[in-house]
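There are two complexes below, and they share chain A, which is joined by chain B in the first and by chain C in the second.
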Partner chain A sequence: MTNYIPTIGIEVHVELKTKTKIFSNSKNGYGQMANSLTNVVDLGYPGTLPTLNEEVINLAIRAATVLNCKIRKQMHFDRKNYFYPDNPKNYQITQARTPIGYDGYVEINVGGTPKKIYIEEMHIEEDTCKSAHRGDKTLLDFNRAGVPLIEIVTKPCISSGEEAKAYLEKLRETLFYSDISDCKIEEGSMRADANVSIREKEEEPFRTKVEIKNIGSISNVGLSIEKEIERQKKLYENHETFKEQTRRFDDKLQDTVLMRVKETGNDYRYFPEPDIPFVVITDEMIEHAKEKIPMLPDERRKVYGEKGLLEANANKLIQNRSLSDFFNTLLEENIDFKIASNILLGDVSAYLNKEEKSITDTTLTKERFIELVKTYSDGTISSKNLKEMLDSIMESDKSIKDIMQEQGIENISDDAELKQIIHNIILENQESVTDFKNGHDRALKYLMGQVMKETKGKANPRIANEILLEELK
Partner chain B sequence: MKYLNKKIEEIHTLLKEGKIKPIDLVEEAFENIENNKELNAYITLNKEEAIKEAKELENIEVDNLLFGLPIALKDNIITKGLRTTCGSHILDNFIPIYDATIVDKIKAKHMIIIGKTNMDEFAMGSSSRTSYFGPPKNPWNKEKICGGSSGGSAATIAARDVLFAIGSDTGGSIRQPASYTGIVGMKPTYGRISRYGLVAFASSLDQMGPMTKNVYENAVLLNAIVGKDEKDLTSANKEEEDFTRLIGKDVKGMKIAVPNFLMGDIVSDEVKNKMNETIKLLKENDITVDFIDVKYLENAMTLYQIIAMGEASSNLARFDGIRYGFQAENVKNIEDLYLETRRQGFGEEVKRRIMVGSYLLSGENAKTYYNKALSIRDDMRKELKNVFKKYDLMIGPTTVTTAYDLTDPMNDPRKSFMDDVLVIPVNMAGLPGMNIPIGFDQKHMPIGMQIIGNSFEEAKMYQLASFIEKELNLNLTPGGEE
Partner chain C sequence: MEEKLTREEVLHVANLARIKLTEEEIEKYQVELKKLLNDVEKINEVKGYDDEILIACWEDNTKLRKDEEGVMLDPKKALENAPSHIGNYIEVPVVIGESEGA
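Up next is the complex of A and B:
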């Protein structure tokens, strides 16, 4: 089989997390009763005019910044004219000629190789309404009509499904962490379309491209691209040609299916929106938008690495924004960050998952968590103690010390007492001592188990361990 | 007893002294409209609601000059609960659920909306004959057109049904019918009045304005309806001013330009002669009047057609039968619904303009035509603004002829645009323009003069207009009595 070079470009629509819609003062919300978040402007009533939500411009500037785009200082909106029931005015207000951001990039890393995915342009537009088909009827929910979107278009520089996935993951965490969008693919607040073509040689011009739409998850974007590459390869191998077309990913088939063959170029009759004056973006606006950007995932990864976290733990923390934000409040403290991350990702996460809570909904403050980490690090409490105390830690505002007292958790840290106990255990378990000396680490664990049994779990594990090793010499 | 042929100050005093009540005025207005039924000036009357409102006003203090006065609105202005058709079949069942900003302002003055006036369908036309509801007739001669597209508003004012009407002017649609019917019509500076609730024809040109029997009442109404509106980003943020403040003030020393284009060969001799008489009058009163060349004016019509039709093709896309208005029956699918609703719902002229507009914006045409037109429009605007560095105002005839016969053929769209050739440049530049009557032709049909001002200098236009009005002292009531 000939070797083919795939070329992939991705367009992503992201709904902005604003309080109100882009061109009207209706609320921007998800999951509300159909058509409850609409007004005459959203419905395209005769005589209505768009206003412009400043929050949208602010978030779009922020998006352009975090995607390393250049920002256009003077821009306008355009009308894209086409008839469709989900398009209430039968034109969509978008930016065709003066996208707010251009020439940006996102850095990805696939299999240890870093690569820049270049962004052609990024523009602002309004979302359409949502249609639901019931038999031969179509129902329209205008709650989504006029929700602000940014559309981010890459250059055709992606060469595999893996890269596409990495790009989307990166885009999602970046936009999510900069508070631009909640980026929930399942709720449609982030939507990706991929353009795929393949060719034999770099020098060859691009061949016919296929657009894949309506892909419901990032992993399916990867999968559908790989499937599409295979499909095109087979066609070329069989000397078949195909027309430019739009396909969609079918969850059940786990493959793409044809939606429509593209006719000669769509004519959207773009022209500058006469109802919205040109927008001038000042340096102050750009500064203002940048000011509020929280620490982004890449920087978090770097900082967490410096604090000694394992890469896996760092990534897990970043996947949970509220835990990561909580962790960030500790960065200046003098604590064992590895232990702190273990507690957060272990017992604390388990508690939060079980209770379906966010860490901010619990009583766990920064100060109490620091006390907890310190008490744990010096062996004052064991992991077993921690589990016993967890509910109180998360639900009361008592200090860790008070909780220990209340629950009668009291570790034997008295060296002399422990020494005596350990001495006796060694005498009674000579077989294990021999095993240990022959290099069986398991034996140490067994002996520690005996210590804990003898002390009913009250031995300070760190001190007990030290004494045990000493005695075994 | 008749009150609505009196001056606004007199009516106000009568109301204030309790000698008459708003209901008297409302009843008289409906009586007038009924007597003038033949004019077909109205598409919808607001009878029940108007009477109810008039009665409610009896308990409210008479707090402003416009209090309790009936007003007619062009039927492309959105009125909550009151049918708004735009003169089209496609909206002939459309009852809006909100009020235009101008309607809010009119209601805030406690004026009473008497009805919605007849107009060219979606304001597309110059004789109001493209109305789905049949053409309105000229009160001076019922065989004649009353111009358009605000023909119904012009007719009801000329016939003295009511004192006040609102029209809209995209390419002369206030000034031209005002000229044909012998009334005062003002198209203020683009941005003066919020367009929120005006059904859009060409967004970058549309502007509403007052239509009245005299200059003072025009300025009083303008006072009430201007202002920055949060709902219209193209509305201008200007300090409040009294547009009547210069009325009656001395005009000596004013400098006025007459663009040669406005007095060219396209203008009929009768109109030109009357215009020259007026110029003579001005000169006799120590006003400088110079004939000057202004570039680009001859291009205005072409630019207008490209911009207005391009924008209209997009603005009218929303009428698809899905959410409001007429919906075609027995359709096969969504495509069919669009096609049939629009085929049956729109009239010929509207369809023609939508098609031409769509063509003009298609593919490369957008660059060749629309974008180019926008850029020439900028040059034209600069050229016109330049004139005001040396002159206070510009004047010229409003129309090339007086009103013609209702039976004249309509099949030549270029002729129809000829009706507006003198008024369109003002829209292209966003400037204020107004019509005042300056006399009659041999058949006693009114002749109008256009006054063009610099942006936001409507007060100065009223100053000159009031001078001419006083000097000419024309009898402007059709039939002659007053």
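Up next is the complex of A and C:
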């Protein structure tokens, strides 16, 4: 079989996290009663005029910044004309000629190889109303009409489904951490379409492309691209040609199916939106948008690595924004960060998942957590103690010391007392001592077990272990 | 001979507007749409024409609106002019697979 080179470009729509819509002051909300978040502008009544939301421009500048785009200082909007019930004005207000951002990139890493995915342009537009098909009827909900979107378009520089997935994951975490969008694919606040074509040689011009629309998850983007590449290969192998078309990913079939053969770009008859004059972006606006950018995931990965965290743990922390933000408040402290991350990702996460809470909904403060990490690091409490104390740690504002007292958790850290106990155990278990000296590590565990038994689990494990090793010399 | 658009051009435009045309209408629009296009072409004769004037013919730039919520329509009111509705949803005939928008 001939070796084909895939060429993939991705378009992503992201809903911006504003309070109100892009061109009207009705609420930008999700999951509310149908048609309850509208006004005459959203419904496209004649004679209404759009008023541009300043926060949309602010978030779009921020998005352009974090995606390493150049920012256009003067721009305008255009009308994209089409007839469809999702848009009663019969045009969508978008930016065809002067996208706010252009020439950007994000860096991905697939299988250890870094690659830049280049962004052609990023523009602002309004979302349409949401339509649902029921038999021979279509139901319309205008709550989504006029929700601000940015559309991010890559250059055709992606070469596999894996790269597409990595790009989308990077895009999602970057925009989410910058507070630009909540990027929930399942709620439609982030939507991806992919353009796929294949050819035999790099020198050859691009062949017919196929657009895959409405893909419901990042992993399905990867899968649908791989399936589409295979489909096109088979067609070329059989010397068949095909028209430019739009397909969608069918979850049940796990494959793409034809939606329609495309109208061409000219059919949209774009022209400048006469109701919105030029928008001028000043340096002050750019500075203002940049001020609010928190530490982004790549930077967090770097810092966490420097603090000694394993890459996998750093990534797990970053997947949970509130845990990662909490961890960031500790960075200047003198604590064992590995232990701190283990507690957060272990017991604390288990508690949060069980209670369906975020760490900010609990009583765990930075100060109490530092006390907890220190108490654990020096062996004053064991992991078993930590589990027993967890509910009180997360639900009360008592100090760790007070919780220990209250629950009768007192560990024997007194060297002299432990020394005496361990000394006796060694005398009574000479056989195990011999085993240990002959290199049987299991014997050490057995002896530690005896220490715990003797102290009813109250021996400070770290100190007991040290004394035991000392005595065995 | 009278200048006119081809039948196909007229039918294409009709299709984009989602309207049906009778034979007489097709012939009529072949002539009338061409005239209209010729009129629009005249704009190219204007000296020093800059298409930025299409975007804004006055000097003020866009004034941005604060991101503050205003009064919204009562859903009943919002549905009042809809041809039909089920519950709070506006109901229209199905047009599958043609969504062009965002």
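Note that the second predicted complex is superposed on the first by the 453 of 473 C-alpha atoms of A that agree within 3 Å, B and C clash if a C-alpha of one lies under 4 Å from a C-alpha of the other, contacts with A are read in each partner's own complex, and residues count from 1 in each chain.
Everything that follows uses one rule, which is that a contact is a pair of C-beta atoms (placed from the backbone, for glycine too) under 8 Å apart; a residue touches a chain by one contact, two chains touch by 3 or more.
Remember, it's a predicted structure, so these values are computed and weren't measured experimentally.
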Partner chain in contact with A:83 - chain B first, chain C second, else both or neither: both
Chain B versus chain C as contact partner of A:408, first or second or both or neither: neither
I'd like to know which partner A:439 touches here: chain B for first, chain C for second, both or neither. neither
Between chain B and chain C, whom does A:126 touch in the aligned arrangement: first, second, both, or neither? second
Figure out whether A:114 sits in contact with chain B (first) or chain C (second), or with both, or with neither. neither
A:40 in the overlay: touching chain B, chain C, both, or neither? Say first, second, both or neither. both
Could you say whether A:31 touches chain B, chain C, both of them, or neither, answering first, second, both or neither? neither
Can A:272 be said to touch chain B (first), chain C (second), both, or neither? both
Which touches a greater number of chain A residues, chain B or chain C? C
Can A:205 be said to touch chain B (first), chain C (second), both, or neither? neither
Determine where on chain A the residues touched by chain B overlap those touched by chain C, and list them. 40, 43, 51-52, 81, 83, 85, 138, 140, 267, 269, 271-272, 274, 276-277
Applying the document's contact rule, which stretches of chain A touch chain C when the two form their complex? 13, 18-20, 24-27, 33-40, 43, 51-57, 76, 80-87, 92, 94, 125-128, 131-133, 135-142, 149, 151, 259-260, 263, 267-269, 271-274, 276-280
What residues on chain B touch chain A, complex-wise? 77-78, 84, 86, 91, 94, 96-98, 100, 195-200, 202-204, 230-234, 310-311, 313-314, 317-320, 322-324, 334, 338, 358, 361-363, 366, 370-371, 374
Within the complex, which stretch of chain C touches chain A? 16-18, 51, 54-56, 58, 60-62, 64-73, 75, 78-79, 86-102
Sites on chain A touched by chain B in the complex: 40, 43-52, 79, 81, 83, 85, 88-91, 138, 140, 265, 267, 269-272, 274-277
